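After this come two complexes, each holding chain A, first together with chain B and then together with chain C.
== the complex of A and B ==
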């Protein structure tokens, strides 16, 4: 496997799993307005995952759905931050805020890629992510004086650092205003990922080889 | 204007705006009818959202999330109309979870397989769009106006549902079986969906021209539009009496009206569980609404 598809899969898996987690809020968010907003964000993330998988799939000789669904949970490269199952709203917004801040740093590098297709896709994703960032910052401003929100940010902070490679973490710490600590690194999957995988592939696995 | 003059006005096709005078009885009927519609959109989210996590391809995942999101958006629009008539959204939600107000029969049942997801989006949404299209001419103009957007979006849901069903029917024997089981499971509730065949002139919702067609008219339209499609796909409808007579009227076995009454009064197989689920999240997230409201004040 080449470095490009490695990197693409890392980001794609983050977006896929986060999109799946965000869609857990569809229908039950704190307000109807927020429900609609969070569902849109979930759809965007999954759309990004699909576009990234398509790029990687060409190189790997497979297709986007096979990459999204047909690998063993151990093969996913997602960061532990996105794997955590639906939490309360304070943790959800803390994750949203931390992830979007990290993602902005990651996309800025990707937009400079020598691979024109990768750079183009990163630019396209970044245009949509801008709205996610506005949304995340609006909520961060609303909740920043709430102790339960501040606790959630601190709890998830080591996980957020693990979204980025070590050389980009100082920038993240600067943007978030927290000190760098030991990161919870990629590659150590929780049981929550396997549980999610069991559920997200349950229909697909029920009739192997079928078209859905 | 007297109540009688108002009645004549709406019966001759006249429409009413929020700030216009209206009889108390008309306002009360509007609130009851529109609130139930809003409740149904919101409760209709629950049977389908269970499958958002299990959608078998990325395309289906996106389509189903978007569909459920549309339903939430519809409930938002509809509750706003109710709010303008004097009943705040918080009150609607409180009455919903306490069981005081009602929601449509089909949303009280469980969804068992991916076949249900296709059949709900195709046939339940088809039944719903027939009722909703009849609201485009509602005597209460603000409700009629939002129905344009709602009908437009619902028509995409039907296409999505039909595509899910079609793909499964072109798949393996096991997949076809899932669709057939779902059609069999949903047929009873679908036949009850448009309500008992009360004469339209005795239906207060028709008398006030809140809806523009009677229950049986809607059911006939559903049968005429969808039974031929169901048969064409090689599916069977679980009603040996079902046939179209020479006069164009569909004949069918009497739907179970006792079941309908039992279900919509809060005794459906999933009613209490789903209301409890809504209640849990409303309570759990109350602090978020307090924070936002305090800042807005």
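== the complex of A and C ==
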């Protein structure tokens, strides 16, 4: 059975790792506007991760930083979709579009949670995510007929399904307009996650208890 | 003994760390103030969850309570009680006067659409024209979009409606 903290950690890990991946465009995006957009989206995602970790930490008797940085890479529950290092623009937009579409379905369920704190936080996150969805859809409309973009969507599709629990996947397939296939499930981590983990935890591992 | 009114007054003097023309009270982020036995409990919600000004705001509130001679207990509430509709009319006017277009009101229950953002509903805070265009949904902080005024040729920041 999935407990509340398990579910919160899944989503928090997705948002934290995706936030890092999105920030890989800072300074080098194809246009200044996209540089600002992906940097701002990254900041939002990491803010969401932090709030989710705080809720989970209360249940688990720890704190948000410990959950974000003190676990071993194998303990993260992030979906393989978000772990992939910065790809080309077609794949970046394909991931953005697929992730935001999946995240909307997941948040809609979370907003109905019996746990008032979880439902309240989900509703707050959803207000911000509306802007991510507008951005993702604007790009999807622009690139929809480009073969390179379509190929990227197909390649990432099994990964996108793995973001959601099985019972929500049919809705995602309907929204994206593709058939459900075997998902790339959570729990399978690539070397790319370990490399990112080495980078994002280096200060904390080098100087335990560092504050600034 | 400090009163709730005194606390509200003190909080109204604390500027938003990123948009200092507007106070935390104008911004509508303070949800409750309660005074009990020399301790002041303040509940507040961040505007955006990724707002880096969160700690600065919390510390500034605690400091101003201490200046009143009371013990602060500042709690961050991560629920859905804040929207841009909570910005006070005075706060909206201060934003406009300093070149930030205040947020458009939330349409009842529906999410903002690109059609709305591309419509002629957004007024330039400099010249008042509605001939403005969306340049970027995102801006220098999580709460802002970037628009451009075709009438006075001035780029400006628009508070996002959330």
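Quick note on the criterion: the second predicted complex is superposed on the first by the 209 of 212 C-alpha atoms of A that agree within 3 Å, B and C clash if a C-alpha of one lies under 4 Å from a C-alpha of the other, contacts with A are read in each partner's own complex, and residues count from 1 in each chain.
Everything below uses one rule, namely that a contact is a pair of C-beta atoms (placed from the backbone, for glycine too) under 8 Å apart; a residue touches a chain by one contact, two chains touch by 3 or more.
Predicted model only: the values in this text are computed from it and were never measured.
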{"item": "Partner chain in contact with A:138 - chain B first, chain C second, else both or neither", "value": "second"}
{"item": "Which superposed partner A:107 touches (first chain B, second chain C, both, neither)", "value": "neither"}
{"item": "Chain B or chain C, by number of chain A residues touched", "value": "B"}
{"item": "Touching partner for A:117 - first (chain B), second (chain C), both, neither", "value": "second"}
{"item": "Touching partner for A:11 - first (chain B), second (chain C), both, neither", "value": "neither"}
{"item": "First, second, both or neither for A:26, with chain B first and chain C second", "value": "first"}
{"item": "Which superposed partner A:127 touches (first chain B, second chain C, both, neither)", "value": "second"}
{"item": "First (chain B), second (chain C), both or neither touched by A:40", "value": "both"}
{"item": "First (chain B), second (chain C), both or neither touched by A:57", "value": "neither"}
{"item": "Shared chain A surface residues [contacts with chain B and with chain C]", "value": "33, 36, 39-40, 43, 46-47, 50"}
{"item": "Residue ranges of chain A touching chain C (in the complex, touch as defined)", "value": "33, 36-37, 39-41, 43-48, 50-51, 54-55, 116-117, 120-121, 123-125, 127-128, 130-131, 133-135, 137-138"}
{"item": "Chain A contact footprint on chain B (complex, rising order)", "value": "42, 45-46, 49, 51-58, 60-62, 65-66, 68-69, 72-73, 75-76, 79, 89, 114, 164, 167-168, 170-172, 174-175, 277-278, 281, 284-285, 288-289, 291-292, 295"}
{"item": "Complex contact set, residues of chain C against chain A", "value": "45, 48-52, 78-83, 111-114, 117, 135-142, 146, 160, 162"}
{"item": "Parts of chain A lying in touch with chain B, wherever the complex brings them together", "value": "20, 23-24, 26-33, 35-36, 39-40, 42-43, 46-47, 49-50, 53, 64-65, 68-69, 88-89, 142-143, 146, 196, 199-204, 206-207, 210-212"}
